[in-house]
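Two complexes are shown next, each including chain A; its partner changes from chain B in the first to chain C in the second.
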Partner chain A sequence: MDIKKTPKKLNVKEKYRLMTRDLAWEPSYRDEKEIYPYVDYEGIKVHDWSKWEDPFRLTMDAYWKYQAEKERKYYAIIDAHAQNNGHLNVTDARYLTAIKLFLQGISPAEYASHRGFARVGREFAGVGPQVACQMQSIDEIRHAQTQVHAMSNYNKFYNGFKDFASQRDRIWYNSVPRSFFDDAMSAGPFEFLIAIGFSFEYVLTNLLFVPFMSGAAYNGDMATCTFGFSAQSDEARHMTLGLECIKFMLEQDPDNIPIVQKWIDKWFWRGCRLLTLVAAMMDYMLPKRVMSWREAWNIYGVENGNALFRDLARYGIKPPMHWDDVEKSIDHTSHQIMLGLYQWKFGTAFHSWTPTASDIEWLKEKYPTTFEKYYLPRWEYAIAQKEAGGEYNNFGLPKLCQVCQLPTLFTEPDDPTQLCHRETDYEGEKYHFCSDGCQHVFEQEPEKYVQAWLPMPALMQEPLKGDLAAWMEWVSLEPTAAGEYASSEDKANFEKWRKQVSTD
Partner chain B sequence: MAVVANGEYKFPSRDRVENYYGHQLLFACWDHHMLMAAPFMLFGAPDQKLGDIIEQQLKPLMQPDPDFDKIDWDAIEWTKSGEPWTPDFNKTVKENGLVHKEQFRFKTPGLSTLVPPQGE
Partner chain C sequence: MQIDVQTVNIEQKNQTFTHLKKRFGDKKIPSRYQEASYDLQAVENLHYRPTWAPEQELYDPNLSKIRMNDWYDLKDPRQFYYSTYTLNRAKQQETMESNFKTVESLNLIEGMPDPVLAIAQNLLIPLRHASYAANINNTLVCGYGYGTVFTQPCVYHAMDNLGIAQYLSRLGLMIGDVEALEAAKQDWMDSDAWQPLRRSLEDLMCVRDPVEVFIKQNFVLDGLLYPLVYQRIVDQNLVEQGGSGISILTQFMTNWYLESKRWVDSVLKTMAAESAENKVVLEEWVDTAANHFTSVLLPVAGLAVEGNQADELVSEAHDELLQRAKKAGLFK
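Right, the complex of A and B next:
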């Protein structure tokens, strides 16, 4: 008679070995170079892929279980939010501008990140990073989907949400996040990991998600808040992956150090330029503010960054090249960006407004050395125009930075009265930049950035040839989604519906 | 420095002058005047008179600035790629030496209604 064997329960370590490392095999009829053609050309030397550590030791079966559970909870809350008119719980409809920007700029970046991690998971030659990248890839598409679902409820009631995908591809300010991810996606697998896994997820992610998610909580946006909670444990895993990947590269070969340093310099700067949009969101777009951009930078940029780079110093890694320029810009960028967004508001798929008297008091207090002196006069001009029945608009098309693709509206690091002008001649053509940081990035790889699709120069080319009405249609921008908040349909509807609910 | 690639890496520039059907881009910056947040992108043909581009494109865009009416156009200090430069409004863009995507800047000393004077 057979004795029925009970299967042995595997311990975590054994299970991890079987379900990740043990999934690899030695190729017999193809050589490694054919299978992993992209793993060498960046110059990163890897001697032993098995040295890759995965501190989470997560296996696919456990991963599916955790994620499924989070999804169930998430959708229960999202459904309740939709059924209970959750959109009327936000502080006021000005808040929607912040999440429109998020949906147009950040959610598509989650999707880009999904594609990028799927790609590098295939391109790396070690099973440890392959599995870790695969999980992050699935996380990222989940983030994109849950964000789109969370915001789809707002789309039923407000303008500016409905065609975020076209707007991501075509509208001018979204070429800032889009080109950032395109740059990373068209780099090699190791640079991609330093760009997105390390610089973005590890060094800068807190500056993006903490402000947005606490902003959502402060302003009564349950949908976005819930998304934030659902993504939190994923983010912790991504940050660890980002840190692990850099340590792995640095420990594998000393020749990797200068290459990694170059990527840190580049991606830290690019990330900080991208985050100037978040700076404007924090200082101007939240009806109830969490903290100023300056305060967020001091905590998540300076404190965390110092600790990190102290830790990496033992490998010979130095703090990012343009760190000082970022520090000098912190008290300025949110004002510069918001003044820009306001004057070009006829061409944005969100509303903007002039700061109220209490906004102005708050800005003075948070930016005692810069706001009143340099930026308040321009806001006062805008307010005076409005009071006189006019409107402050800039119908000029701005010069854009060839690298970060923002309008070149930033000032010299040491002179806030003067715009920063940088230009480079390359193969008989002129290229313009917003800063030393962006110019440096260009000069490292000019062949790459000459190809940049810059929305303003593109507008003058075939097929639009400067036709603004045709442009509006092409970017799927309806006039109701753009312009001044005070006269918007969103404001009128929000106030009307909220009144109805409170009198019911 | 050059891009690191695993094959030949050579692509034309996206905004090369050939893409502008006989026209070109120019950029113009009014120094210390940031009510209009960034330098303006202008568009014209190389054989167009520079004065026409200034009158038809640039001046209307500058007009909202409270300093606009106070400008003494004869006292302006012009620069191009960081060097002093004297434009001739009656000559063409090309005759003025303005190539595709060239930026020129101009200072109007003493005017600083909305932005403090330099260095303050």
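Right, the complex of A and C next:
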């Protein structure tokens, strides 16, 4: 038997093909449809799965090796951070609000992404996308875990971290990211990839991670900034996957183009609504600011977005439907959201505050056409109330948008003095929306969005029946975790500990 | 401003997260495994039903016939979370890398007797396709199973299976270049010895109960295949025939099986101890699948050893599997 041969030199691409593509086979005992039952129902046509270009060529041995090196470094740094009371290095305790939001809202999203990618890594009928998605799945559980481990030390000293698990499922503002990821996961495999792989990871991820990670770096939070850096090379892989999957769909069949366009329109809008929370974080929650939301949007939204959609134009893809509305909202949303969070601060597991004099100067400079005119008067009113010994709270319940689940607190794109509110009747019920974008999403798929769990009506129904104290217990919100920053235990403790340090 | 904060002594507010305190109390600092694993999956107020199967919930424990009061009872005795998992595997891959180098530099393949190489070609290389099926099956369990401590190790297990398929591919390239892989795929698709296994794996890939897939793939099939192929045929028969080079190149598989079966056994044991109803379902799965896969693997074993011995090896593996099942509380 002659099987001894001198091996040919294989190039990377060919070798990777043998290590992945070639592992699968065409089933002959069972129908492909039985093995991959969910691959058709969205209407995406795939004629040839082998046309999938592997976005990165990483075999498992290389993956283990690289990732282990990163893990070693990461845990060495956060161990040192915990040991050395690194939390006292942050600028001041206002900064903690940003990472409380991160742990409650983003880390659960990383986890959802892990499960979602496992599902699509199972459902696609081609081994190329299967393996690429599985790798993203295992990366995403890494992100969720490294984040929880980094926050674990902050939880030892501050309020608002400890019950992120119940708050993920129960507290009102977390249903914004939750409903976003639930929406993607309950969609079919192709839509999931457009939602998370393309729209979120490729188009919007820089608007989420750059602000948080540079915010962490500017404000002395070594733990958060380390997981940001450590996740960067994973993110680079995820972005190439996102781009590859959209190109693959568009190239497989012209009938796919309108379907993909519809998803881009939807997920771009959904993503931008979700990012309004990041906008508030950037403009209001960082004691030392990195850049304004407007500046971040110009770089990562407009510049990158224009280049991307110019590139996709050759497939017949147009820029997202509500792009102009987003553009018009950029100078407004952070102020609107922060004013909202501030007036409902009795119901948030993080603190908020009114801007200081220097904050106000900065906001005026960064938002010359909007801040002073529309939002400063409202902040001044809140500040005056506080100075008179009152509290600026709104115990009226916000009306939530049926789609994005944010309170309907945004204004008309062309008239910042008018609150924007839309309604649609569906099967005898009235549904409310914050915008044309959200109303449009609803009307494409009303049977899906009528199912949304809305936390505010839930508060009014059995068994809470509007009892705020009972609600706080149910969402596991201790009064010390909520409310005004100035009078918070976090602030007092942080300042006391810092003083201890400087007098020692 | 970098301040010297190492010397401050400050009192802690919370020892642990609330969900961990509820489970484990707060006397002890929780382990990183606990922080990384418990209650990470959303449980309440799931917003929408899956459009692919509106009768299901987004995370749905009823996808399985197995019922658990608390799915977080199914912990991994290895306590793998991403970091410990990758660190372990990175060490193992380093060993494998030097194994490949050793085999290459000592020309162990060239010095190997033809019958040994023929067995490696006919028996081992086609198994890369079986490992791919195991990858897909574990990905399903990770995606649709319930509770992070149960689903998390399944993504690791899926990636391990991909890794194994890739090690087998490298072995193939080493002994016979691309043609070795091509011939093995041909066998996998057409030769009589492999068809029962290929058919069974295609059948298993149609099963949607995540626990059933877990049991049939990880406990039953792997529980027969690994002892049979790697422990008996490779590490004993082939080594005796001058094939230690092959055994060196499959070291990962041997160790991986021993390591991961601790986890698989513990999951089985916990599920069986949960209720008499679970036990009945598990016994029925294990019993039918064990009988089925035993007969499926007989012609596979026949690729390496004579008929009588194949019978013997396969029934040894079967007995061993039933011993494991009994230890896990089944069949008594």
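Everything below uses one rule, namely that the second predicted complex is superposed on the first by the 488 of 504 C-alpha atoms of A that agree within 3 Å, B and C clash if a C-alpha of one lies under 4 Å from a C-alpha of the other, contacts with A are read in each partner's own complex, and residues count from 1 in each chain.
By definition in this document, contacts are C-beta pairs under 8 Å (C-beta built on N, C-alpha and C of every residue); 3 or more make two chains touch, one makes a residue touch a chain.
The shown structure was predicted, so the numbers you read here are calculated from the model rather than taken from an experiment.
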Partner with the higher number of touched chain A residues, chain C or chain B: C
Contacts of A:A231 with chain B and chain C, given as first, second, both or neither: neither
Which superposed partner A:A296 touches (first chain B, second chain C, both, neither): neither
Touched partner set for A:C404, first chain B, second chain C, both or neither: neither
Touching partner for A:Q451 - first (chain B), second (chain C), both, neither: both
First (chain B), second (chain C), both or neither touched by A:G188: both
Chain B versus chain C as contact partner of A:I44, first or second or both or neither: neither
Residues of chain A at both interfaces, chain B in one complex, chain C in the other: 37-38, 41, 188, 448, 451-453, 458
Residue ranges of chain A touching chain B (in the complex, touch as defined): 37-38, 41-43, 188, 336, 339-340, 343-344, 373-374, 377-378, 381, 392, 394-399, 407-409, 411, 415, 417-419, 421, 423, 427, 429-432, 443-448, 450-454, 456-458, 460-462, 465-466
Residues on chain C engaged by chain A in the complex (per definition of touch): 1-8, 10, 12-19, 32, 35-36, 39-52, 58-59, 81-83, 86-87, 89-94, 96-97, 109-110, 114, 117-118, 121, 128-129, 131-132, 135-136, 139-140, 142-144, 148, 151-152, 155-156, 158-160, 162-163, 165-167, 169-170, 173-181, 185, 188-189, 198-199, 202-203, 205-206
Residue ranges of chain A in contact with chain C within the complex: 1, 3-8, 10, 18-20, 22-25, 27-30, 34-35, 37-38, 41, 59-61, 63-65, 67-69, 71-72, 74-75, 83-86, 88-89, 108, 111-112, 114-115, 118-119, 121-122, 127, 130-131, 134-135, 137-138, 141-142, 144-146, 148-149, 152, 155-159, 161-166, 168-170, 175, 178-179, 182-183, 185-188, 220, 448-449, 451-453, 455, 458, 476, 493, 497-498, 500-502, 504
Interfacial residue positions of chain B with respect to chain A in the complex: 1-6, 9-17, 19-21, 23, 25, 27, 29, 31-32, 34-41, 43, 61, 64, 66, 81, 99-103, 105, 113-120
